[in-house]
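So, here's a batch of structures to check.
Paired with subunit B in one complex and with subunit C in the other, subunit A is shared by the two complexes that follow.
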Partner chain A sequence: MSLISMEFLLFVLVAAVGYYLIPKKYQWLWLLVFSYIYYASSGVKLLLFLVYTTGTTYAAGRLLEKVEQKELPKKEAKAAKRRILTLGLLLNFGMLAVLKYTNFAVANVNAIFHTSFSFQKWMLPLGISFYTFQSMGYLLDVYWGKCKAEKNPLRFALFVSFFPQILQGPIGRFDRLAVQLYQEHRFDLQRMQYALQLILWGFFKKLVLADRAAVVVNQVFLNYTQYSGVLNLVAVLMYSVQLYMDFSGGMDVVMGVASLFGIELDQNFKRPYFAVSITDFWHRWHITLGTWMKDYVFYPVSLSKWMGRIGKWSKKVFGKKTGRVIPICIANLIVFLLVGVWHGAAWKFIAYGLYHGLIISVSSLLAPVYRKGLEIFSINQKSGGWKVVQILRTFVLINISWYFDMAVSLSAAFTMMKTTVTGFSLSAFQDGSLLTLGLDWLDYLILLVGCLVVFFISFRQERGVKIRESLAEKPLLFRWAVYGMLLFGIPMFGYVMTTTGGFIYAQF
Partner chain B sequence: MHSFKWKAVRAAGFVVICCLLTGLLNFALQQYNIARVNVHRIGTTQYDDIFIGTSHGLSAINPEIIDQITGRKSTNICMPDEHLIDSYFLVKEACRKKKPKRIIYELDPSYWSTVQNHGSNSVYIYKEFPMSLVKLEYFWAKVKEMDIRVTLAPWFYYRNQAGNIEETVRMKLSSAYQNYEVGPLNNGLQDYTEEGYMYQITDPNGDKGSQNIVLWNQQQIQDVEKEYFRKLTELCREEEIELVVITTPVPQETLDLYRDVFEEAHRYYTELMEAYDVPYYDFNYLPLDDFDRGIRNYLDYEGHMYGESGNQFSRVLGTYLKEMYEKKR
Partner chain C sequence: MEQLLEILSEIQPDVDYKTCTTLIDDEWLDSFAILSIVSELEEAFDIGITPADIVPENFNSAQALYQMVKRLQEEG
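Then we have the complex of A and B:
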């Protein structure tokens, strides 16, 4: 069920109206029913995977708690809990790995050993990466005693399947999300208003900007050998627009829809193109994946015994300062390798992840040199000018990584990078080449104006202005004009793809 | 003043204003199209035969000529971008009002292996349906899944028409529009007849388009096409309507260039129709008397015919349909 379809609009309308009409104690059950209807609309068979993840995670959580209650000797309890956790993780990540990465493995085995194993035609359940990560986060939290295991299997099923977020996140945390899901919610007009504003804003970003930029992106990335360096560059810049507007727009819609039911999901974006470093970027981009990786991979890895041994060894070999950073670098590389793998079963995604991991690791290692350089050149780190330089530098580095993310293959990414540098000529701006990429001047103008609007609003938010609250203080006519412009601007200026153009992250 | 009620009234007022503006914009921007005429025609006039299908059928089937040969009364509601799902609901709508005796489905194989574009054409037939259970079923089967902008506010497609708003409004207020006349659909390039034939005026210097046409591909056949063909056969059986399937001939040049593809398609559909026990006439492989299949008689390589060729083909088709009818008797 596409978020842009009439079906979804009617579905949400019925779900929301019923939600506030039924007795409040049944609201969570209502949400569960609608969440399962929503997921089943993509294919009834897919429900099996959802039920599998829900069932195995619920059972593992309950078993962990039972071990805790049994008052076994500490060592025995720890071993038993570890076995349960390992089984839970294996069953779920194993399923994800088999479904998502088998063909990647087959392709590589065939290429390396000249074998001819056949590819599998397994279906990839929608949103499996998101709900598996969310469920496993819960299981680890129960294991570490951060939260209690949910006793009611239906309530737990709602935590795994809550419909607005199941297809493209954000990856929720049990302690923050479950409480809200099970709470009783009263109708709040102000919240509804804010939710609808967010939904409209999300659709504006997706339909007016992302879908329009996608035309150029698809044209150039799929036919990259035909285009000059500057057009490769234009395409990658367009991809930075497309991906941000698509993903963050999708998140706005998802969060707006959740808010209609009184549920505030975790923020997934915080103006990422204002980041001053790659580390900062990951604190602003796909935040819930970043924090998941930090809590469930980075810390466990960097605080593990074997990493402690590496730390001691590296301090001996490289000295105290550098040696202390090395375990963090290794943990970062592991985290970003996993981020790459999470994005898809292809070498280009692994390169994408490792690229980010390497930059963060090298930045950590060279931090003292960097600080010294700033001192030598007397650069005021707090000045606005320096911040702009940092933002631009980060933006360039991020755009390099988009080559890996969007190119058809790893070798295509390198070819495109090379063409961008070696075949660079500004003549494309004069000879009309830009107009051969599928958009006309009006489209470029709409893109430019739209991006400026998003930039202006992001800039105000960066300065601490709360846009919705500040809009609420404006006169009624002004507000209506803004809503009207969004409401009518989306169908008027939105780019309609000839075939369904879904959200990029709904394919994970 | 800032009570809940007052806020709710204001919100409702805003929604009403938005609905009114949407209606006004739709009225001022959406163009007159043949779906309006066709849906009205099948609901108001009794026909023995109804031709359903694509733009190929629209330019190749002239009901007036066919009727002269068969002695029956027929109409052509083939339309551009009409996929089987649309044809199925058109037949259902026809059955609701004036049940036909025979349905002749013009099958363009390439439509079966192409996903229907989510453009304005994909809902223009639905929009002309009067409110009924059939329309609700049509909505549930197709429209509910489509982009909300296409279904509610397809202004993007008409943005180039913004300068013609005055003319569009005048047309919509005219008696021609109110009376479902075909006149406004005609221009210097084509004449649309009362019974649904698009007479393409011959242009000896016209561009025939590229020879890289959309081809049939068995691997890409869409489930929705197969499903709605099955439904169409079931509907015809339930309503005791005879179903005949035809494929109009493409230019000889196209057939020669893509011989394998057309032969494969011919085999596939011959077997399929046999399985459904439906008569199938693929005019790419049937004797066409003196019908000239040279590209000069076609508008393009895809197989849209010029008016005179369409008339000539209609004579051939009429003869086949008559023979078929007489054999049955």
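Then we have the complex of A and C:
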């Protein structure tokens, strides 16, 4: 059941009306029932995978707590807890790895050893990456004593399966999400209005902008050898529009729907194209994946014994300052390798992750040189002009990474980059080539105006303006003009795709 | 405390560590800076910091960091 289907809207309506009519103490149970119905709608058999993750994580969490209560000697308790944690992680990440990466492994083994192992035709359970990461985050939190294990298996099942977020996140944290899921919620008209506005905004980004930009993206990326450099560049810029509008639009719908039930999910986007560096970009793009990686991979790997040994060695060899940063850079590369692999089982995604990781690591190592350079050229780091330069520089670097992300293969990504540079000519803007990519001039105009609207709103948000609160203070006529434009504009200007247009991140 | 302030200033200058109580919340320290601080604290005070200790409550101010160091020293 796609988030942009009429069935989904009806499903949410029934769920929300019932939620506020039944006795409040059963609200969480109501959400659980609807979450399982929602997941089952994508395939009843897939529920088995969801139950597997829920069951194994719940059991591991409870076992960890039992060890804690036994008052065993410190060393013995630590070893027992580590065994339980390892088993829990293996059972779940193992399942994810087998389902998601077997065919990638088979393809590489066949290519290297000239074997002919057959590919598996397993169906990847929807949202498995998201709910597995969310569950394993919980398990690690229990292991570290950051939160208590949930005693009620049904309540825990809701934490894993809460329907608005299960397909494409945001990846929730137990301490912030669970308490809201189990709370009793009163109907709040203001919250409902804000939630509906956010949902409409998400539909606008997805249906008017993302699906329209996707036409050019698919045409050029799938037939990249037929197009000139400038059209390759247009396609990658369109992809930066499509991916952001698709993913952040989806998040707006998800967060709006959750808010209808009184649940505020963690922010996943903070105007990423205003980032001044790649590090800043990852603080603004898919935030919950970034913070998950930071807390559950980056810190543990950096603080591990073997990384400590590398740190001591590098301090001896490279001196205190550089030596201190080297193990952190290695951990950072491991994180971004995983971010790449998380996006999909292909070499292009590994290149995508390592590209980001390398830029962040090298920037960190060269930070003193960079600071010196700014001093020499007397650049005022706080000036508006310098900020614009930083934003543009980051945007270019991000767009280079989109070649890896969207190209059909790693070699196609490099070919497209080469064509962009070597076959660049502005004639495509004059000879009508732009109109051969599946969109007419009106589509381009809608895209331009739509992007300017999003830019204007994002700019205001960057300045600290809260858009919905600010809108609520405007005169009635103005407010309803905005609602009207969204309500009628979306069906009027929404791009009708010939295929069923799902969300990009719902494939993970 | 003086030694701690010296470590912080060396890793991330331009912050008034004596008054700032939002080192994490206001993003004065990024994850690279946090790990550099951890590495220096472990060496200077002979303590072991675990991922469970890296929470905003322990890193939001120099005072909070000092309290964490003292606690970890006591725990041995």
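Note that in this section the second predicted complex is superposed on the first by the 508 of 508 C-alpha atoms of A that agree within 3 Å, B and C clash if a C-alpha of one lies under 4 Å from a C-alpha of the other, contacts with A are read in each partner's own complex, and residues count from 1 in each chain.
As a working rule, a residue touches a chain if its C-beta (ideal position, glycine included) is under 8 Å from a C-beta of that chain, and two chains touch if they have at least 3 such contacts.
This one's a predicted model, so the numbers in the text were calculated from it and none came from an experiment.
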item	value
Overlay on subunit A: subunit C relative to subunit B, clash or fit	fit
Superposed model, subunit A: greater residue contact from subunit B or subunit C	B
First, second, both or neither for A:Gly311, with subunit B first and subunit C second	second
Where the C-alpha centre of subunit A sits as vertex, the angle toward subunit B and subunit C in the overlay (nearest 10 degrees)	170
Which superposed partner A:Ile328 touches (first subunit B, second subunit C, both, neither)	second
Which of subunit B and subunit C A:Asn380 touches, first, second, both or neither	neither
First (subunit B), second (subunit C), both or neither touched by A:Trp144	second
First, second, both or neither for A:Thr279, with subunit B first and subunit C second	second
Which of subunit B and subunit C A:Ile4 touches, first, second, both or neither	first
A:Lys294 touches, of subunit B and subunit C: first, second, both or neither?	second
Overlay on chain A, subunit C to subunit B nearest C-alpha distance, Å	37
Residues of subunit A contacting subunit B in one complex and subunit C in the other	none
In the complex, subunit A residues that touch subunit B	1-2, 4-7, 9-10, 189, 193, 207, 476, 480, 483-484, 487-488, 490-500
In the complex, subunit C residues that touch subunit A	27, 30-32, 35-36, 38-40, 49-52, 54-55
Residue ranges of subunit A touching subunit C (in the complex, touch as defined)	144-146, 279, 283, 294-296, 298-300, 302-303, 311, 324-325, 327-328, 331-332, 364
Residues of subunit B defined as touching subunit A within the complex	4, 7-8, 10-11, 14, 18, 21, 25, 115, 117-119, 143-157, 159
